[in-house]
Amino acid sequence: MITDALTIVLTGTGLIFFVAGTVGLLRFPDTHSRLHALTKADNLGLGLVIAGLMVQVPSPLDAGKLVLVWALAILAAGTTAQLVARSALKKGQSAPDDEGMQ
Amino acid sequence: MPSSLALTAIIGAPLLGFFMTIVWSRAAAVVASLTSMVVLVAAVFLAVSVSAHGAVLTSLGGWDAPLGIELAADGLSVMFMIVSGAIVLVVGAYAQHEFVHPGTETRSGFAFWPLMLVLLAALNGIFVSRDFFNLYVCFELLTLSAVAMVTLNGKTESITAALRYLLFALLGSILYLLGAVLLYAQFGSLDMGVIGQSVSSSGAEILAAGLMTAGLALKTALFPFHGWLPPAHSGAPPPASAMLSSLVPKASYFITIRLWFDVMPELAGNPLTLALGGLGGAAILYGSLQAIVQTRLKMVVAYSTVAQLGYLFIVFPLAGGDSAAQPWSAGAWTGGMLHALSHALAKSAMFLCAGLFIISARTDDLEALRGIAQTMPMTAFAFTLAAISLLGLPPSGGFIAKYLMLTSAFASGGWIWAFLILAGGLLAALYLYRPVRIMLSLPKQPGQPFKPISRWWQVAPLVLALGAVFLGIGSNEPYALLQIGRPVAAETGL
Amino acid sequence: MIDSLFDLVLCALIIFVAFAAVSGRDLFTAIVFFIVYGLMVAIAWLRLEAIDVALAEAAIGAGLTGVLLLGAYGRFKNIDAARMGSWVPLPVLIVIALAATGLSAAVGVVLIALDPNGLGLIPAVNANIAQSGVFNPVTAVLLNFRAYDTLLESIVLVVALVGVWTLADNSAWGQRVGKTQSVRANGVLQSFGRTLPPIGLMIGIYFVWAGSSQPGGAFQGGTILAAVGLLSAMAGLFPPPRVNDARLRLSVIAGPILFLAVAIAGTAWGGMFVLPADLAYGLILAIEIVLALSIAITLMLLVLGPPEMTETPQ
Amino acid sequence: MMTWASGWLIYGLTGATLIGLGLFGFASHTNLLRRILAFNVVGSGIFLVFGATGFRVPELGADAVPQALIITGIVVALSATALAVSLITRHASLSGSATLPDDDREDR
Amino acid sequence: MSVWFTSLAVLLLITLAGALIRVWRGPAPADRMMAAQLAGTGGVAVILLLAAATKNWLMLDVALVLALLAAFAAVGFVKAASRNGVGDPEADEEAAP
């Protein structure tokens, strides 16, 4: 019973972070601040959901998979934030311009 | 059971050859010729065992339909395999001069041989398969190798032609796939035999059959969808376009025949047969008129393919008709099949001749070929022989095919179809007479001399052209073979 | 009730994303929507309890196809906007829209009229799975019941590769496959290219190994190994192989040729593609492992593209 | 707890819609990459229909044959897409256009 | 519990739809790519919740594949956005600061 309550709390907060990240993505004025919102949602939102599920998982192998998913998500979020930010920094010259607005 | 070994060889051998020519590209030409010889021998052996004991059926992996995939070789598939095996063998011999580059490996020298063998494997796969999804994978294999062949000479217009061909072919296979999926949803199986037994004209089957026919018509370049064929077949190198024009569209036509005559004859009502026949007739007229106005030899030959493919779809209204058993539909069906075979032989011969003319005259322009017969008598003779078969003049195979279709047209009272068949022959005479006249006329003022071509190289198209003629002279063998496993619907009409 | 709500929301999302991908304002937006679309369809496969397909869709739909399209998009930079294509004129657009809606409606009507408890080949697969040598029914169908389709499919991959290589310049033959990457040493991309592959390799091998008893197998594992290989190639960790490298060609055909050899050897036990019940598991596992390696290398080469003249990177 | 529409039918009808959307996209724009993208949408729509019809009886689980054929179909579609994309890139570098010549709008 | 997980998954899907508005509107390509990245992570979370709801833990493998390939599309985007199509932003900075 306790584990279910724990799961509900953790996964619930995880959702809230996702919502926060999305609202941030929509409301913030420029690319870099949106990037900030995105990484929040990635790390914490998913991290909390995974933490919530850790107690539900039957076998240690599945628990290991959950941790691995979280580690990969963090690695991917970090790398993407870096690369996309630098690419956006040189915005204009190199980013392929949108084709004509028909 | 040796006949199942032959069935294994006609698919396994070309695939094995495909792998070897990729790794061992130095000896690719030799491996390709040996493999196509083995395949031809296997096909002939299969023909002998089919004519002796009737159709051969094997379940792959020992799993019977509907779970496993079944392969079956009847008279029709064996005839198509012998003709395509022979064409690929001769084209392979022809290509020894063009795609064998001494020294370091070149792009086209590497690519031609594996593509040729996988094309042969895909064709044989289609001619013997009894499973609709397996047919889908086979003709995706066929399409990708055909598209790759069109890009072999690397010119800009061939790349564009290959791209347009790929788009049309992908649309065709997607529609076919949707049809196959709906058949599985309705019958719980993809096997022709299982589906054939429980056909009841429900909505799913009509939609599925319609989609599959539309997809296959797209891939056979039937009239409104023919746009991709002429540029692709004239852009490809001659040995490639010889195989593309004579065999690749026939494969999807073959599946259409299996679909309508073997699996769902009851469903083929008047709307379908008249539509296909009408489009076929339009293809004959449009293709022939376009061929008359072309200035390049390969375009004339390519548009003639569009026209001759139209004949194949006239088989549907001729063998159709909803009244009681029609004695003439057997003749129409066999006539259509013989036409497909004789066209394959004649068209591949023509493209090889065109290839030799281009090498000798260094241009594809018709006017520049004036008087080429004097330096290349054998090829000019081969071209004329092939033209005779396309026109349907006796004693060629084309004549037998047209004769059978004409008698069925008159017997069934379908005078429109008879008119179209005759008009097609007349128009073919128009667009084929012009190149022959130019070749045989006196050369204009001694312009650039034609480059002499070695005798051995000129034998290749001659062999194929003679094949087309002998298909007419010795036609009782093929006729008898085609009757084995001929669908009942070809007897009693769609 | 909540399950149907989830299905409805997911399907609405899939249709919106597909509509956006097809009619997006510009090409880049369309490609990004297509990547998200692949992810959504992978979730739909989970709802249809087709985990093997979800794996394939996730690895190929959301992974490789997205990178393929982005790579081509990157090459369109020197094409001026006038020749980037446009919508067909309005009347034609309307006709196409009507035809497409008609086809969708027809398929929809047929689906609604289908027998609601059609079993398809579920009974046949369950009856024969014991002799197939594996427990995962999808792997049993792929590598035993319909092994011929799977063999031809692996050959379609190799033919596509030969077709892609045929698009090279004559002068570029013999060069390295694809364009040489110019990546900053030990930059973010290169360090990412060093950290991810070991994990990816482990996961790829896990999927190939697990394929016989649970979702996974040669194609899913091979696709993941291809993605890992591509990432290290794009991170400039190793120069891509030359097109006429004999070892490369051997590795490309190793899987399919082993598969064909086993299939032909089957004639000794009664016919092509026959796998004797006791040897079936071992043969299938061997085929899956070698096939996964060949598929990984072939997919990597397909995405890298034809060999190009090594112009000096500016 | 089968509500008014059983699970598989929702996905089947979604697949049917995707087929229509994809075919619309395939024919409505002249940019070649968009057409290949639309071709992939049609492909996945057809596979969704196929997978959905294989899951009509949830208690028995999903039919393994459609799953296997869909994986085969996805790989075949990927090979065709890879060849098409390389052809498009080559066509673009040779003729400087992202469309087929007859669709080129010079006047735009 | 499974009702909780499924309803959470529904809410997450709706949040994803929100992120997709940025993909539609986002002026710069980088914005669209980031929104796709968020949608990717959201998708992984949805799959985890589905696995919990149905107790079918094999679904974790799909989440694993998506997490592994999450950055793959971003690397593809960065390559496409780099100057010569084969570089990366840092190499471009070095070449032309």
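Chains here go by letter, A, B, C, D and E, matching the order in which they are written, and residues are numbered from 1 within each.
FYI, a residue touches a chain if its C-beta (ideal position, glycine included) is under 8 Å from a C-beta of that chain, and two chains touch if they have at least 3 such contacts.
Not measured: the values here are computed from a predicted model.
Using the mean of the Cα atoms as each chain's centre, the chain most removed from chain A is B.
No other pair of chains shares as many C-beta contacts as C-D.
Separation between the centroids of chain A and chain B, computed from CA atoms only, is 56 Å. Taking each chain's centre as the mean of its C-alpha atoms, chain C lies 13 Å from chain D.
The distance from the centre of chain A to the centre of chain E, with each centre set as the mean of the Cα atoms, comes to 8 Å.
Spacing of chain B relative to chain E, judged by their CA centroids, is 48 angstrom.
Annotation for chain A: residues touching 2 or more other chains are 68, 72, 75, 79, 83, 86, 96, 99-100. Listed for chain B are residues 67, 133, 137, 140, 144, 147-148, 151, 159, 178, 182, 184-185, each touching two or more other chains. In chain C, the residues that reach two or more other chains under the touch definition are 3, 27-29, 47, 49, 71, 73-77, 82, 84, 86-87, 107, 111, 114, 118-121, 125, 145-146, 149, 153, 156, 159-160, 163, 167, 188-189, 192, 196, 199. Residues 1, 4-5, 8, 11-12, 15-16, 18-19, 21-22, 28-31, 33-35, 37-38, 41-42, 44-45, 48-49, 51-52, 57, 60-61, 63-64, 67-68, 70-71, 74-75, 77-78, 80-83, 88-90, 92-93 of chain E are the ones that touch chain A when the two sit in their complex.
Looking at the complex, you find that chain A touches chain C at residues 68, 72, 75, 79, 82-83, 86, 96, 98-102. Across the complex, chain E is touched by residues 2-3, 5-6, 9-10, 13, 16-17, 20, 24, 28-29, 32-33, 35-36, 39-40, 42-43, 46-47, 49, 51, 54-55, 58-59, 62-63, 66-67, 70-71, 73-75, 77, 179-184, 187-190, 192, 196, 199-200, 203, 207, 210, 214-216, 220, 224, 227, 230-231, 234-235, 313-314 of chain C.
Partner chain D is touched in their complex by these residues of chain C: 1, 3-4, 7-8, 11, 14-15, 18-19, 21-23, 27, 30-31, 34, 37-38, 41, 44-45, 47-50, 52-53, 56-57, 60-61, 64-65, 68-69, 71-73, 75-76, 78-79, 82-88, 92-93, 96-97, 99-101, 103-105, 107-108, 111-112, 114-122, 125, 137-138, 140-142, 145-146, 149-150, 153, 156-157, 159-160, 163-164, 167, 219, 295, 299, 302-303, 305-306.
Those residues of chain D that touch chain C in the complex are listed here as 1, 3, 5-25, 27-34, 36-38, 40-41, 44-45, 47-49, 51-58, 60-72, 74-76, 78-83, 85-90, 92-93, 96-99, 103-106, 108.
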